[in-house]
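In the two complexes below, chain A is the common chain; its partner is chain B in one and chain C in the other.
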Partner chain A sequence: MKESRLMLIQYGTAVAAVALVSVHLVMQGVIVPYATAISFSNILSIYRNGFYAIFLEAMLVVVLVHGFNGVRIILHELRQTKPWTTWVDAGTVLAIVVTVAYGTRTVILAVFGGVSA
Partner chain B sequence: MSDVKLVVQRFDPFRDAKPRMMEYAVPKREGMTVLDALLYARDYLDHSIALRFSCRQASCGSCGMKINGRPRLACYTPVAELGGERVVAQPMDNFAIIKDLVTDLESFFGKHRKVMPYLMRVDFEEMEKPTAEYMMKPEELEKVLQFTYCIKCGLCTSSCPTVATDSKFPGPQALAQAYRYTMDPRDEGGEKRLALLDEAHGVWRCHFAGSCSYVCPKGVDPALGIQLLKRHVMSGKAPRGEGEGAKVWSAPAPQQKQ
Partner chain C sequence: MAVGEEKAENRRGIRGWLSPYHYNAERWAYLFQRVTGVAILAYVLGHLGDTSFFVGGPAGTGPSPSGWSFIGSIFENSFGHLILILVVLVLFFHGVNGVRLILAELGFIMRKPSAIEYPYKPRGLGYGQRTLIYVAIVAAVAAAVWAFLVLFEGMG
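Now for the complex of A and B:
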């Protein structure tokens, strides 16, 4: 993929992450008091709300893509050999896939009752 | 008049293990520049000091160096402007040292050449033997004018934090020139230039520290040019695309006098 497309994704995910995290903090810190928000039963009820589960999944993808792409950029500036560039790019994709898959697993388990209060 | 303490970083990569600082007492005189002080030290105190200079009027860009920790032109920096009695001259950062204050600009000019800093036309015949005079509107000239003032002194590159870590990054000078020629309405090679810069070590590695614009002795704002260039790299389109030469505002060539 062209670097300009990757940077477009980087800028897009940055804006999306700010928006999603802001909404999340307002929902779970202002609307619902913080002490209640971090209780296990409340967290489970959040996951079991279909809309919020999708919201959390979106936040997971957006933050991980933005974060790992940022690390990729830093690593590219560290060394400039072709094998390094290739390994960093491949490693970034792998890291995103693995962490998104693991996070999605948690969401799915919570939504479909794999975890109980 | 009192003396100015001139401290010069000395280093010969073939003989020295590491750089050393040497101090010279140079008699102050009115209007003295750092280059004047260095030339006095070289002519009367130590013939072995190596430095590069030419025009002495901030036109050639040869005498770029780090003066009291900041990249400057030695010929354009009055000693009086530096305040104290001590002037420290060191070679520019981000360049290999040939000897003392002389740095190797090979890679700097290589990167400059790589961005194709010249006007390109699709019609080669027309480029070589133009049938009309290709002109720019004043508003078109205004967009690129400041970037034409670049004297390729390398000060912007020496101050760039990305160049310090990424050896493949073209640097602010080359990128600003890429913008200058891409924005020129007489140019039709903009898309080639933009494609060249759209890679992992290209224009996107500029993090807008802005130090290049801060140190430029000619008042050029390379950081601005780079940010504007990013917009065109993102779209992949130059303001005048290839094959759109008809958009160029041209006037008949003036008749040559017999």
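Now for the complex of A and C:
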């Protein structure tokens, strides 16, 4: 993918992250008290609300793509050899896939998994 | 000397970021944007790990009250709350300063370019950019105070 397009993705995910994280923060101490917000029953009800589960998944993808692509940009600024560029790009994709997969697993288990003791 | 070697000699790398010699406000904002970005990513990775304990951790199979209370016993204390306040501080700076960078990239807050003359102050950086840097700092401090009130004073 062209670097110009990757920068557009970086800006797009930045704007989306500002919006999504703002809502996330507001829900952690403005709409409900912090102690209630982090209680098990409240978090379970949030995960099992389909809309908010999708919201959390979207935030997961947006923040991780923005974060790892940001690190990729920094690493490309530090060094520009061909092998370095290739490894950094491959590592970025791998890091995004692994972390999004792990976060998605949490969302899926929270939404569909049975509550244990 | 090969072209690659010449580039290597000219490259300052992270030392170039961290040397404040001749830095102006925009250059400091650039440095803090990078540092806060890496710090936020580190926090997000940790947050991915701690929220996974809501479903019992890496080996969990579903929502687990015991897993969640375990992770709460580690992070729900003054030290954990202090970390959260620092996260809110850098998050707001990074977010507002990031909006400034996007606006500058799109040309909205850049002044008309002109010839560089003594004392060589960059003329493309207008009041809009400077103002947004200060807004980012004020927003970050205000958000950190809000986080302090929520976490330590029970407000919110």
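Miscellaneous remarks
Going forward, the second predicted complex is superposed on the first by the 113 of 117 C-alpha atoms of A that agree within 3 Å, B and C clash if a C-alpha of one lies under 4 Å from a C-alpha of the other, contacts with A are read in each partner's own complex, and residues count from 1 in each chain.
Keep this in mind: contacts are C-beta pairs under 8 Å (C-beta built on N, C-alpha and C of every residue); 3 or more make two chains touch, one makes a residue touch a chain.
On a predicted model such as this, the values are computed, not experimentally measured, just so you know.
Contact with chain C, but none with chain B, is seen for A:Val71 once the two complexes are overlaid on the shared chain. Between chain B and chain C, it is C that contacts the larger number of residues in chain A. In the superposed model, A:Ala110 lies in contact with chain C only, and not with chain B.
Contact with both chain B and chain C is seen for A:Gln80 once the two complexes are overlaid on the shared chain. The interface of chain A with chain B overlaps its interface with chain C at residues 78, 80. For chain A in complex with chain B, the touching residues are 2-4, 7-8, 73, 76-78, 80, 85, 89. Residues of chain C that touch chain A in their complex: 4, 7, 11, 13-14, 34, 37-38, 40-41, 44-45, 48, 51-52, 54-56, 60-66, 68-69, 72, 76, 88, 91, 95, 98-99, 102, 105, 146-147, 150-151, 154-156.
Residues 11, 14-15, 17-18, 21, 25, 28-30, 33-35, 38, 40, 43-44, 47, 60, 63-64, 67-68, 70-71, 74, 78-81, 99, 102-103, 105-106, 109-110, 112-117 of chain A are the ones touching chain C in the complex.
Those residues of chain B that touch chain A in the complex are listed here as 162, 165-169, 198-202, 204-205, 233-234, 236.
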